[in-house]
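Right after this note come the structures.
Heads up, the next two complexes both have chain A, just with different partners, chain B and then chain C.
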Partner chain A sequence: MSAVLGISAQYHDSAAALVIDGELVCAMQEERFSRIKNDAALPIAAARACLRHAGITANDLDAVVFYENPFAKLERVLVSTLRSFPASFRKFPTVVREQLGHKIWVLDDIANALGVPRTKVSHDDHHACHAACAFYLSPFEEAAILTVDGVGEGVTTTISKGSGTEITRLRALPYPQSLGLLYGALTAYLGFEVNEGEYKVMGLAAYGKPTRREELAKILKTSSDGSFELAPEYFAYDTDADVGFSPAMETLLGPRRLPGRPWDLPGNADDEAHADIAASLQEATTDALVALAREAKRLTGLDALCIAGGVALNAVANRDILRKAGFSRVFVPPAAGDAGGAVGAAFRFSHAHGAKRGKALVTAALGADIDTERARDTADAMGLRSTRTETPAQTVVDHLERGDVVAVAHGRFELGPRALGQRSILALPEDPDVRDRLNRVIKRREPFRPFAPSVLAERASEYFEGAPNDMTAFMVTVADVKDGAKEKLRAVTHVDGTARVQTVTKENAPLLAEVLLELEKRGRIPVVLNTSLNGAGEPIVGSGEDALAFFDSHPVDSMLLGDDLFLTRDKS
Partner chain B sequence: MSPKIARAPDAIDVAPITYFLARLTAPISFASKARIAKRLFVFAMAEQESMLELRAAAALCESPERRALYLRHALDEERHAAMFAAHSAELRREMGRAPWGAPRATCEDLFAKLGEPGFLAFVHAGERKGRTQFIYYERYFERLGHNKLRALFTALIGDERGHEDYTLRLLRETEGQGRPAKRKLLRVRAWEALRMWRRAGQGVAGALYFVLMSVLYVSLLPLSLWVRITRPKPRGWLEP
Partner chain C sequence: MILSRVHTVFALLRHFSHRQRYFLWPLLIVLLLSSILLILTGGLSYVAPFVYALF
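Moving on to the complex of A and B:
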């Protein structure tokens, strides 16, 4: 047996992943244990949970691989800080303290925390790990691979070719030419938190028109070979990491939006202007990504494409890449961002040491299961009454049919930012009032944010254009809602007529598939509204206790936890 | 039965030194709208940190009853954090400044570090300190006629009292009545004092470090010129 633990950490979404004999056994984000959203700390709780799940100890590990090279990263950070002299004056002390005091010791810290010999701990390359995560989880034997994020050690974008267990890098774009930094800077400009608000910008874009492309063209300059360049005067990534944009950005686009101010769309002229900026950014990013994908096609001549890196979570762009870049199939893993780096790191070591390629990823439910006995005891002690059900799917449907918003915590939690049926909040997709209730009362988020539908894979094409495809199982792309279906899917159709659809099978989300089949059996459409089981600013629920805490503090109507049903009206 | 966080009859009233310090520092801490907003956000972060500690405790605790109490307490802390952050944001917006957003905190895993009795003693002492401060701030803002902030502190005092009392009750149950519990409380206070001393040391060292690094930075001018010449910003595709 060969067991390799991959680790990603230090920036955002830290995670651990365990690969045994070339197969991905489990992968978990630390935030699900620490309850700190996008937690960047070393994923020790996640690593221990992986080992527990596989029934092995740290002594059984052949290797622990960190997903990037801390020394190459140190060099890039110091060089770029020096290059920005004297503007980097304020950032310098922090950079030195973080890098020398903390980050370069990561391999020793991992060895100490897990109790493995330091000789077993090694490091890899950030973008190579992204590429490995996407390619080895994909169903393709051969594919072009595109990785796009903020920055790794020294590069931000790569094009590679994957074949069997081999991945060969063909091109790379150096820091600071970065679509991730561009999107992050404008996320901050629009008043959202970087590394968290990018989805909000994507949702907001649908409310605007791309009227500011001319200004965006001054910020992002693209070339015919797919490469691009950011105009440095608009950015402040080496001088002000908090916002990442300079005053020149405000001169060009107008004043930034104050964070936390309520949105009023459509109607408020300022908000509409900011939505136009979001739309222009989204269109510029999509165009740049399509150009990169076309370059990948030109270089490899292959029919399939895998995409990873934080920017690969841009579902709108992924749809356009599949439509316009010349590939017949596109795959994006559910944890395309840094969390997936842990998966890639473990795969790369495994394959470099002779392991064969494992099976393609079927389900994102790679996390820890619910300890139902423990959850039941806790619920009893909390005074939360429940009834055990032998037919959980039917029970969920009974409540959905009453118009309930139903929380579901069942089976292993998912890897990545999407809840795909294991830690979800479900509702029927027809009534837009449900969407407003979810946004305002339960999720307490911006009113413009859409909710996603989950549909039986075999029925998806009746409701959504182009579904199912290689991305829809993991909710990493959008599809146009068919005209005839829009009326029935009002709660999950975004203002631009699209939906970030999940196609469900018994293999990828068993309970959710049963729920959809039961709905169909009762004469309804096999579609539900599916949003993640978490409140505002919280990570998605991990354990049974997390689910109970959510249920106790949020006004959902009922919750299925394991096979136990909790009703809000029974709350004491 | 639901574990209501009940008030113990023998609960201690206020921590005199904390009360004195709150009285001494309030006019400075709350001297302006900006400072009030900042102070409230610091409270929000402290409550958020406490929430994380309690969630971690609930994940580790083997007793379902105590787990339930920690979870409920964590939910209270989360609510308090949101209340403080909302008031802070409102003040910031009134000044035309961007709010600081959601409070972000880290967890020290005190349950694992101190053991359950130590953790309970720590939480009890922290809640008592918090309630004492809030009692003074409630009066302070009442005197100023700032009803919103007075009401905020009034709303929290009851919760803090409940938390203070149930942790003392659990401490006595797990550690033993009378002396053992008092000894644990004293030990935790000493540990907390040492921690504060270390933090103060870190603060001084941090300031010194900042000065030294600033001096070092200025001396890096020649190196920065050399880097600009030898390592210009790369553009376009790099080939392997």
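Moving on to the complex of A and C:
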């Protein structure tokens, strides 16, 4: 047996992943244990949970691989600090504190925390790990691979070719030419939190028109070979890491939007102007990604493409890449961002030491299961009553048909930012009032943010254009809702007529598939509104106790936890 | 613990021993000296003023 643990950490979305004999056994984000959203700390709880799930100990590990090279990262930080000197003068002590304080010692810290010999702990390359995560989880024997994120050690974008267990890098773009940093800087400009608010910008874009492309063209200059350049005068990564943009950005686009101000769309002129900027950014980013994908096609001549890196979570761009870049199939893993780097790191070591390729990823449910007994004890201690059900899917449908908003925590939690039926909040998709209730009362988030539909894979094409495809199982792309279906899917159709659809099978989300089949059996459309089981600012629920805490503090109507049903009216 | 730190310091020196990275050595030496100060004093709050003074 060859067991390799991959680790990603230090920037955002830290995670651990365990690969045994070339197969991904489990992968978990630290935030599900620490309850700190996007937690960047070393994923020691996640690593221990992976070992527990596999029934092995740290002594059984052949290697622990960190997903990037801390020394190359230090080099890039030093070079960029020198390049921007003296503007970077004020940031230098912070850089020293971060680097010397813990970042360069990460391999030692991993060895100490897990109790493995330091010689077993190694590092890899950030973008190579992204590429490996996407390709080795894909169903393709050969594929072009595109990785795009903020920055790895020194590069921000790569094009590679994957074949069997081999991945060969063909091109790379260096820092600071970065679509991720561009999107992040404008996310901050629009008043959202970087590394968290990018989804909000994507949702906001649908409310605007791309009327600011001319200005965006001054910031992002693209070439016919897919490469691009950011105009440095608009950015301030090396001097102001909090927002990443310079005063020149505000001179060009107008004053930034203050964080926390309520949105009023459509109607408020300022908000509409900011929505136009979001739309222009989204369109410019999509065009740049399509151009990169076309270049990947030209360089490899292959029919399939895998995409990873944080920018690969841009579901709107992914749809356009599939439509326009010349590939017949496109795959994006559910944790395309840094959490997936842990998966890639484990795979790369495993394959470099002779392991064969494992099976393609079927389900994102790679986390820890619900500990039913412990959850029941906690529920008892909290005074929450439940009834056990032998037919959980039918029970959920009974409640959905009453118009309930139903929380579901069942099976292993998912890897990545999407809840795909194991830690979800479900509702029927017809009534737009449900969407407003979810946004305002339960999720407490911006009113413009859409909710996603989950549909039986075999019925998806009746409601959504181009579904199912290789991305829809993991909710990493959008699809146009068919005209005839929009009336029935009002709660899950975004203002631009699209939906970030999940196609469900018994293999990728067993309980959700049963729920959809039951709805179909009762003469309803096999579609539900599906949003993640978490409150505002919280990570998605991990354990049964987390689910109970959510249920206790949020006004959902009922919750299925394992096979136990909790009703709000029974709350004491 | 100390052995693994030494392991990391050697890996760091190996990384920067390429000819193209020689120009970073002065900055690296400052960082390593700061690092030694950090270990001796047990806290970065003591190091930061030195760094400010140097730059």
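To be clear about the criterion, the second predicted complex is superposed on the first by the 572 of 572 C-alpha atoms of A that agree within 3 Å, B and C clash if a C-alpha of one lies under 4 Å from a C-alpha of the other, contacts with A are read in each partner's own complex, and residues count from 1 in each chain.
Everything below uses one rule, namely that contacts are C-beta pairs under 8 Å (C-beta built on N, C-alpha and C of every residue); 3 or more make two chains touch, one makes a residue touch a chain.
Note that the coordinates shown come from a computational prediction; the quantities given were computed from them, not determined experimentally.
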{"item": "Partner chain(s) touched by A:Arg35 [first = chain B, second = chain C, both, neither]", "value": "first"}
{"item": "Touched partner set for A:Ile104, first chain B, second chain C, both or neither", "value": "second"}
{"item": "Partner chain(s) touched by A:Pro93 [first = chain B, second = chain C, both, neither]", "value": "both"}
{"item": "Which partner reaches more residues of chain A (counting touched residues only), chain B or chain C", "value": "B"}
{"item": "Partner chain(s) touched by A:Ala217 [first = chain B, second = chain C, both, neither]", "value": "neither"}
{"item": "First, second, both or neither for A:Asn112, with chain B first and chain C second", "value": "second"}
{"item": "Which superposed partner A:Leu82 touches (first chain B, second chain C, both, neither)", "value": "both"}
{"item": "Contacts of A:Leu74 with chain B and chain C, given as first, second, both or neither", "value": "second"}
{"item": "First (chain B), second (chain C), both or neither touched by A:Ala352", "value": "neither"}
{"item": "Interface residues of chain A shared between complexes with chain B and chain C", "value": "79, 82, 89, 92-93, 96-97"}
{"item": "Touching residues on chain A, where the partner in the complex is chain C", "value": "69, 71-72, 74-75, 78-79, 82, 89, 92-93, 96-97, 99-101, 104-105, 107-108, 111-112, 118-119"}
{"item": "Chain A contact footprint on chain C (complex, rising order)", "value": "1, 3-5, 7-8, 11-12, 15-16, 21, 24, 27-28, 31, 34-35, 38, 44, 47-48, 51-52, 55"}
{"item": "Chain A residues within the chain B interface of the complex", "value": "33-36, 41, 79, 82-83, 85-86, 89, 92-93, 96-97, 155, 169-174, 176-177, 191, 193, 223, 225, 227, 229, 232, 258-261, 374, 377-378, 380-383, 536-537, 543, 545-546, 548-549, 552-553, 572"}
{"item": "Of all residues in chain B, those that touch chain A in their complex", "value": "1-3, 51-52, 55-56, 58-59, 64-65, 67-69, 71-72, 74-75, 78-79, 89, 93, 97-99, 101-102, 104-107, 209-210, 213-214, 217, 220-221, 223-224, 227-228, 231, 233-240"}
